[in-house]
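Worksheet for the structure shown next.
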Amino acid sequence: MEIGFIGLGNMGKGIAQSLIRAGHRLRVWNRSPGPSKELVKLGAEVVQSPRDAFGGDAFISMLADDHALREVVLNGHVLPQKGGDTVHICMATISVGFAKELAQLHRARNIPFISAPVLGRPDVAAAGKLAILAAGEPQILDRVQPLLDAAGQKTWRFGDEPSNANLVKIAANFMLASAIETIAEARALVEANDIPADQFLTLITSTVFDAPVYKGYGGIIARRQYEPAGFKLALGFKDVRLALEAGEAAHVPLPLASVLRDHFLDAVAHGDELKDWSAVAEVAMRHAGLVAQSG
Amino acid sequence: MEIGFIGLGNMGKGIAQSLIRAGHRLRVWNRSPGPSKELVKLGAEVVQSPRDAFGGDAFISMLADDHALREVVLNGHVLPQKGGDTVHICMATISVGFAKELAQLHRARNIPFISAPVLGRPDVAAAGKLAILAAGEPQILDRVQPLLDAAGQKTWRFGDEPSNANLVKIAANFMLASAIETIAEARALVEANDIPADQFLTLITSTVFDAPVYKGYGGIIARRQYEPAGFKLALGFKDVRLALEAGEAAHVPLPLASVLRDHFLDAVAHGDELKDWSAVAEVAMRHAGLVAQSG
Amino acid sequence: MEIGFIGLGNMGKGIAQSLIRAGHRLRVWNRSPGPSKELVKLGAEVVQSPRDAFGGDAFISMLADDHALREVVLNGHVLPQKGGDTVHICMATISVGFAKELAQLHRARNIPFISAPVLGRPDVAAAGKLAILAAGEPQILDRVQPLLDAAGQKTWRFGDEPSNANLVKIAANFMLASAIETIAEARALVEANDIPADQFLTLITSTVFDAPVYKGYGGIIARRQYEPAGFKLALGFKDVRLALEAGEAAHVPLPLASVLRDHFLDAVAHGDELKDWSAVAEVAMRHAGLVAQSG
Amino acid sequence: MEIGFIGLGNMGKGIAQSLIRAGHRLRVWNRSPGPSKELVKLGAEVVQSPRDAFGGDAFISMLADDHALREVVLNGHVLPQKGGDTVHICMATISVGFAKELAQLHRARNIPFISAPVLGRPDVAAAGKLAILAAGEPQILDRVQPLLDAAGQKTWRFGDEPSNANLVKIAANFMLASAIETIAEARALVEANDIPADQFLTLITSTVFDAPVYKGYGGIIARRQYEPAGFKLALGFKDVRLALEAGEAAHVPLPLASVLRDHFLDAVAHGDELKDWSAVAEVAMRHAGLVAQSG
């Protein structure tokens, strides 16, 4: 298929690589030029503006957040006034509210639109093994299913309303953040009792919490090695806020997310926003007086 | 080996069965006579008092909580004034503070003592597949290791101080309770957005949270089927309190445990203390106005 | 002075009355015509649009929130491209972020601008006894001080940056909301112990909490009489969110505000957004199983 | 009247002084001898043991907590096996549970017993201006009312069950702690925005929070001058725990108290337990990165 692709951060670049490998033709654009060059070597064509990227069978946007997507796609007048065959696949983790606004705008202009955020880290994206969370009209989803198949191991569909996929993604990330905070508090508790954190975390991840997410973050937290960042704390904080916003819109109190928000804020106040989001674990340690304050 | 065993609740009975199956001889006692009868069929001998159970190679206590253990073992004068060869193996989930008090008392009387609480549900106990968390002097642990091997799949040792094993058990249960609450809040969020909870939980437990604990509790919570109880809410609440107590003693704030405490209390106020502890998930639903109040 | 005044809700109408009483000439506008008619009887002139209200010595805006102010004043093109002598006095409780945006816009157009939100209820406004929280350049403040003197008992100045006054107002309202929640939790605790809430609250407000705010809300909460609303729960919830937003911008975790947010959300989920904001006290009662669920 | 009085801490000594001044005869005992000597100068008789203090018209106990009272009065066998005319007036802030246990024990031995904890600081106690919270059988209360009148400005009665008075005292202290935390969070918010804390607190305590408690703690917190301690943080933390315990017994979640608990724990972890309990305000400052970590 002919695809326009904008947003080549760690995740976007990995997805683009998978699509090229599967034989699709990509016109790519990114704010900074570095990632585009890498993709050119694999056969992608670089275009000069997001607007030039729109067209063909699909237009994939993988930007950082609501703000970036609004700036580039809406304010940058990327979308045509009247839609054609190009399906806009929005893979970014954006808010439920903005996803609803986008769906309405696309309907008004008759542009086919689906939300398809993903679960997985950059290396998983590059391997084409992501879990794709998709929502939108079934016939539109069917048309771009080959692309989703190339990008991910499996596509999970959540109904006709595109924003559903965003909500599911936000709920999943809330659960990940909550798991990290849980590990962090348990770690502080065992360390304050002179039990080595790695012994405890090895037990836990070998038994009741035998899952990749606990093993991965458990290891990082036990070693307190939060750099390089797999997923930046600033972005994780954003996702916690999206969960709180989605909860607010639907009148759902999320007290765990409130605790997470306070701790991410504490982490940012101490200068950790560029570290991996599991660096939020330092907050529980600081509150218990187990580490000196960094900031 | 010759073993005295007191406390034949769901977990205790399962462990006793595993020990008998491995060829050990058990003298058993339980407050209510039912479970003892079942074990007699397997070859156990029933004794008339906890005091009669003490003796032989090991004395295993598997009572419900600090209070029961204090009543039966301390106030019931089960422990001899001067120790001999019988090792007291305390497998109950008791507080860190009480475990320290017990360790001191046993040392004063020269009675060999270890803590060996377990991770796993009753069916896992009956299959001899528990994870055993053990702490105490290595030579004492070595003496009873054959018993621990019969009861569990693997023994994890956490140092010389018996209470360490209790702390690890409490930290693990705190993590389980936190996982349940996380599922509950995420469930409320997706349902309030008209996304079927089972679809969301299937996704989650097939991808980032592909772990038995999420699958098990996710299923119960999606179906809202909290009876029969695998682990009673009243006991789960007790364990959250033990985590808070242990945190307090070590000056470790555990804000997630504070949220759990408030929600378990809310669940008890609404009459759910005899249901499975995952019934705490109804609290998030009630707060969001998604279900009518039960109590 | 010649004054344009837009936004005649309960508070706005009271302030306008005080200004007219002090001899100032008002041109007034309000979305719904009712309140304007009352003021005409006192001598105000009604104008047909917010734009017509701008001009003279001062332009006072007292709209409900960021959204209303943005719609009416910015999108409605009320502000001239190039300022003159008319001072814009923004008395609404708006966000710190929006206040900064407004200050910048006014500076760019050379329109004199100050923030002057108020503390007090509608009857206090009508009596001209409000506390005025003001911030902006001193010489601008000095020019309109006679108006502030007519509207309030005392003006408290918080520096040159207009948004400071908004922050102070938000912090004060956070403290009020926190006092209400505190009364609510204490009330649930004493009632669950069969101690009459009014006896407890009478003691408290006669001794350590001998302050109007505790007496007022204590009485409402003891009687559970949340209607008619002195200050709507939906607006109180907005102010809690403004506190959280301001905290976020400045990297200040506010865990009490997080609890308040969750409880206001719970109240909204149970249909109480039009009652007095002290109706949030019902949440603590529901969680303790002391009242049947209303929604 | 003839009175035995044990426990001459800051509060106890003040009350004893008021009683002597009103013409009552006191036999006093205290663990450390210093305070007794001061009272001897005023005419008190020093006795050698708590047991010697029991007798006469009333026996007043004003010890620090459950533990001290249990040690001295119960384990020290102060109470006679069979009661006479001496009324035991327990003025300490003890737990609701222990107050119930004491009431039962006194009933069993036929010893007249009332709870009469107080609200106020040591200087208020010495001036005889305390608020007395009393509960117990009316005819017993009537007998000792002259003593309560001498110690306090007013006695508030809360029914026949002595523990009611303790619950009311605990609820009041919870409200004070919550007010302190509220001031602390608001202070962090304004300071992070470069608004001087004392300006904000002066406004607040001159308007909506014109109450001694806000003025007193507001000043301490604005100046960050937590020593000497008017009421030690360790004791304030104890009272927050008593509130949580009382809530737990009655199935009342108190999420604000949960936040308070976490912050007091954080304060203790940073070495502030001997400072004034308003030093808990430093926690909000540390979490916002506004002060370097002290411990």
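Note that the chains take the letters A, B, C and D in the order they are written out, and that residue 1 is the start of every chain.
Just so it is clear, contacts are C-beta pairs under 8 Å (C-beta built on N, C-alpha and C of every residue); 3 or more make two chains touch, one makes a residue touch a chain.
Everything numeric here is computed off the predicted structure, so don't read it as measured data.
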When A-B and A-C are ranked by contacting C-beta pairs, first comes A-B
Matching interface for C-D, options A-D, A-B or B-C, criterion over half of contact pairs identical, gives A-B
Rounded to the nearest Å, the gap between Cα centres of subunit A and subunit D is 52
Expressed in whole Å, how far the mean CA point of subunit A lies from that of subunit C is 38
Note: subunit B residues in touch with at least two other chains are 247, 251-255, 259, 262-263, 266, 269, 287-289
The subunit B residues in contact with subunit D across the complex are 241, 247-248, 251-255, 258-259, 261-263, 265-266, 268-269
Seen from subunit B, its contact residues with subunit C in the complex are 255, 262, 266, 269-271, 286-289, 292-293, 295
Subunit A residues touching subunit B in their complex are 96, 119, 131, 133, 156, 158-159, 164, 167-168, 170-172, 174-176, 178-179, 181-183, 185-186, 188-190, 192-193, 195, 199-200, 203-204, 206-214, 243, 246-247, 250-257, 259, 262-263, 284, 287-290
